[in-house]
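Heads up: the structure comes next, in structure tokens.
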């Protein structure tokens, strides 16, 4: 299987994170994260449990405030802006743990993913696309999202995130709870939208899958970036990987 | 039979009024899940402000209604932004305590400002009985019912037909996901609270023009409204209507055929019975699984 | 946990000294009321803090206790030492019956159904004239010749000590831990073998029993019981005490009870402004101390790097 | 001690605050007049007012504070009979005289509490005074009784129906409603079906005005009469033309033309800009009775005040108040009024007699 | 009907069927777990695995079918009653007691070991104190086993996703299961951590628990630890057998594994 590997510096850096510090209350979670994502790239963040991957994504999408450091999106500072504005600027975040709206139907969940899109026709087209990507969801269109199986909810969360047609898509463990086959399909989708020019920032525990779609990967360890390598290099060196992921 | 028809009519009228007074609470308690003990006080403020602007500022009933909507809506907005906002996401208890405090404050500050006497709100039309066969009802009641039903439908349409409505439901079910979808959750909370307060105040003024406005009515209104919302099921507008009518008719029949001295008991007994049989209320569905 | 126990013991010890230091009947009266409320707040806290469901119907137990004691005293001439425990037992039975219905519900439904029970009881008390004397209430409950407030104080102090002991034992037992598990996550609780209903019931009935004792005492102390013992305003006072002090701790409700009792009394000076100001204070407390006073103290300790002293439930056990 | 303190416990918040405030107004006026004349025992009189909220526990708290902290010489209160019942033993325990100007439950004076005095009518006394006049004047054959569901409402209904029945008037219906009820259509539907010639109502201003208004809205024709603070400007203003023609039996009405009353009304109106009603007069009378007793006692000694109270003979705007051995007031004039052209017109006046 | 506890399978389900309105989520599934066995339950998303778990542990009442545990019919028993027989489960959606610390969570898991009479609650004796001491020691040990010692006194709400999964298993272990049922325990663990976790699971069987039933999508883990695998598809049994046989089953590859098998 061949992943479309790009060179690390193709395109402009659309997202630049510099020396980002984030804490939950009084406990610090990130101690200075710096990373860059270039236009059209797929970049993975990997690391052990509790390293701070999700925290990084949350800070970028505005769910968490940065204590210090900067986040630039197309050169504009976006740190500490509310999430609504960041979505509007073209960054979508599919959070871990799914967070579907349990008391709304699958259909409503998907439609609301395009909340900022005011054209009804456009929303309808995008919904068609979502159902096309995840036929299972079409079968369950009228079911309450809270009663879906874990994997179905995961599909829904991804489908919903795609509805805003972002320019940067951040996925937090998209394959979590998906069957191997479904996970493959999701990564196919990621490749496909990436091929359409959408930049992707990916947190993924399934290292094999992650490295197969991403061109580069950052390794996060206890709130810091410890290394940044092309995927191929990491894939070729299981011992190195083990050292980074062990904790 | 005639007697029964009249009881039924009385019950339906009062039922619509109950639904109407519970309307704001359906939003705030039913959807937002803020156990709002100040609900009755917003209703009361509607009546008192309505009395003030019609009696002291000389406005007619309908302009008064608009002023009340604006004033209490703005006040509700501020209450959410400056008070409720601060305890959001900390479970229901801080909200309970906060609204209990607010309700104590509002009642007593109103007592200080306008005194405890009942106040007469200008009527929209001249009152008089209408006879429909054996059933008597009055013009003002009919009008209030029409306005009430219109408000109920309008509120229902807002929740189920507009973007704001979807935004509300999304925000209350999962605020984090909502903000990631681009919904300004802070505004949605405030808007919902303000809308809830406005609806309470409107019904307060409407009903004060039929009964009378008084600083101390809030407690009873809150109590009955909670009953109605729970009977119908949290956050359901059809439920609120059904709950209101059910309560109104049950009270009328109990009062009519048993005794009027204890009518309030019937609502509570209904709540207990219905929840024993259907723990989610009449009209709400559960979307949770292990 | 040791700390919490020592604070409670210290509180009881200090309270025991009060009658020796103070002879002013007014202050003694306030002290009696404060302890009475402390029992009530503590009993409500067992439900709110440890079942994790918000009961607005706790006055049902206060009221049944008060009426039981009053009826036994007025109709059967029972003395206080017999009527007050009987009040606790009757209230506990009501707790069992009401719990059987309400504990199947959760969240807002529980809140409103418990409230409904209290209201139903109030309306019954108000209308079943043959037994309760309706709105006229039951007056002339024999105080058995206890004239001095100090005697009442000693009795209520004893009840408070009993309350502390029972709640302390419950909270720091396996059963208490199970209650916390149910509060925190029903699913997990069930999957580790906790019967959510049974566990919640234990806390609920214990709370009802203690509230009933308090009610029985109240009947004798005020020597009048009317339907307003079931009223929501009573409930509101107790809630304010529990939440102001900090739910889910044993000390919080006591602190809340003492503060609110004194506050209500000292605000009298302000005449008409009194209740408005009280409302404002309640709001301010929520805004600035959302977890109550005890929550605030625990937080301060944590910030200083100590282990949370009064955590939500469990700590080293030194029985 | 440089003033004589009198403690007043009334509901200042809650649903009867409306009436409680009137009592306080009357009391304040009395104190003002007394102090203008140099007070009592050569000292000014000080009124210490506490909010008892008509709740037994709160009223007891208030009394404890008044007795222990403020050291008042006499207590006045506590409006609702249940609250008064709760503070009576406290007054007895501390041996402080307690005078109520309002609480009307017959049971209170049956408790043989030597420290308690009621400067007010009971329903039994009102019924006795007016049942006959009503039955003949209104030509009543059958009457429906409606009362607020509390001790006072129930007492009123029971007393009037007993006395009217004894005069051969049939009882068509007896119904109670809860204080704060806003919709009476169900009750009125039953009334309409029962077809009485007269309707007796025991209700206060708020409940009463709504009831009477809806009575008219339903198009009912029977004659309305009853007890409650109906002969007041507020009631008439709230009720509007529905008040026309109704009868009320009250212990006091401002339109009585005695000079003493006219002085009182003038002073009250000057101070509060409204005419006094039943509760304003009650507060005024209670305070005057108490202060006069202190004057006669010649000291603030409780026992002395108590015996002085027992020998009261106070000339009120509405007649002379005396107390029976049980502490029940009698001798003052109660009146029956009809509302005509928005004014309460006195139809009959009758001194309240001492109960046997 | 009731087999003797020693001889028969530990868990046996017959003809399990669950319908939600019009959807048949699980249809006539038969499942057994023998003492000492690690069984894997796999299948595509929405195949009905979690629903099976819910029926086996009393969270759902099956529309049809029966469940036997240690020979006892537990079909309509309450979840806590089933847990008390020694059948303990974890949940797919993370479920922990968020406001308690890691240690407190695990300590609470020992509930059944310390169950006592009401009297003992209020007047604890030596037995109660001993049970308490033992529970504390055991809790520390379990936290250690699951590799969470570093987080011992941290509130659960502060844990990352992966750590929460480990904590859930720890709480389940604290209840001293005979049969432990885990629903996607390794979701959220990275490949390396999943490997370590698999090893831990293997050591548990025979020591801490008698048998294991695991739902998991991490094939490396499933293939590595399971003695036998049951595959569900659209609520029905698709295949059953040894890991290798399942891997090479074309129907399983088609429905579940996708390219990974190729």
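Things worth noting here:
Residue numbering begins at 1 within each chain, and the chains themselves are lettered A, B, C, D and E in the order written.
As a working rule, a contact is a pair of C-beta atoms (placed from the backbone, for glycine too) under 8 Å apart; a residue touches a chain by one contact, two chains touch by 3 or more.
Chain-to-protein mapping (UniProt): A = Amino acid ABC transporter ATPase; B, C = Branched-chain amino acid ABC transporter permease; E = Branched-chain amino acid ABC transporter ATPase.
Bear in mind that the values here come from a model prediction, so they are computed numbers and not experimental data.
For the pair chain B and chain E, chains touching both partners: A, C. Counted as hops between touching chains, the shortest connection from chain C to chain D is 1. Distance between Cα centroids is largest for the pairing of chain A with D. The interface with the greater count of contacting C-beta pairs, when A-E is set against A-B, is A-E. Chain centres computed from CA atoms place E at the largest separation from chain B. Centre to centre, using the average C-alpha position, chain B and chain C are separated by 31 Å.
Chain E has its Cα centroid 41 Å from the Cα centroid of chain C. If you average the CA atoms of chain A and of chain C, the two centres end up 50 Å from each other. One inter-chain figure worth recording: chain D and chain E are separated by 73 Å, centre to centre, where each centre is the mean of the chain's CA atoms.
Touching of two or more other chains is recorded for residues 147 of chain A.
Along chain B, residues 107-108, 111, 261-262, 264, 289-290 each make contact with two or more other chains. Residues of chain E in contact with two or more other chains: 59, 91.
Of all residues in chain E, only 57, 59, 78-81, 83-84, 88-91, 95-101, 104, 107-109, 111-112, 114-116, 118, 121-124, 128-129, 131-132, 136, 153, 168, 171-172, 174-175 touch chain C in the complex they form. Those residues of chain D that touch chain C in the shared complex are 12-13, 49-51, 53, 55-57, 60-62, 64-65, 67-69, 81-82, 85-86, 88-89, 93, 105, 107, 111, 149-151, 154.
Chain C contributes residues 48, 54, 101, 104-105, 107-109, 111-113, 115-117, 119-120, 123-124, 126-127, 187, 232, 236, 239-240, 243-244, 247, 272-276, 278-283, 285-287, 290 to its touches with chain B in the complex. Interface of chain A with chain E (complex): residues 1, 24, 27, 46-51, 54, 96-97, 136, 143, 147-152, 154-155, 173, 176-185, 205-208, 241-242, 245-247.
Residue ranges on chain B touching chain C, taken from their complex, read 29, 33, 35, 37, 83, 86-87, 90, 92-94, 96-98, 100-109, 111-112, 219, 223, 226-227, 230, 234, 261-262, 264-265, 267-269, 271-272, 275-276, 279-281, 290.
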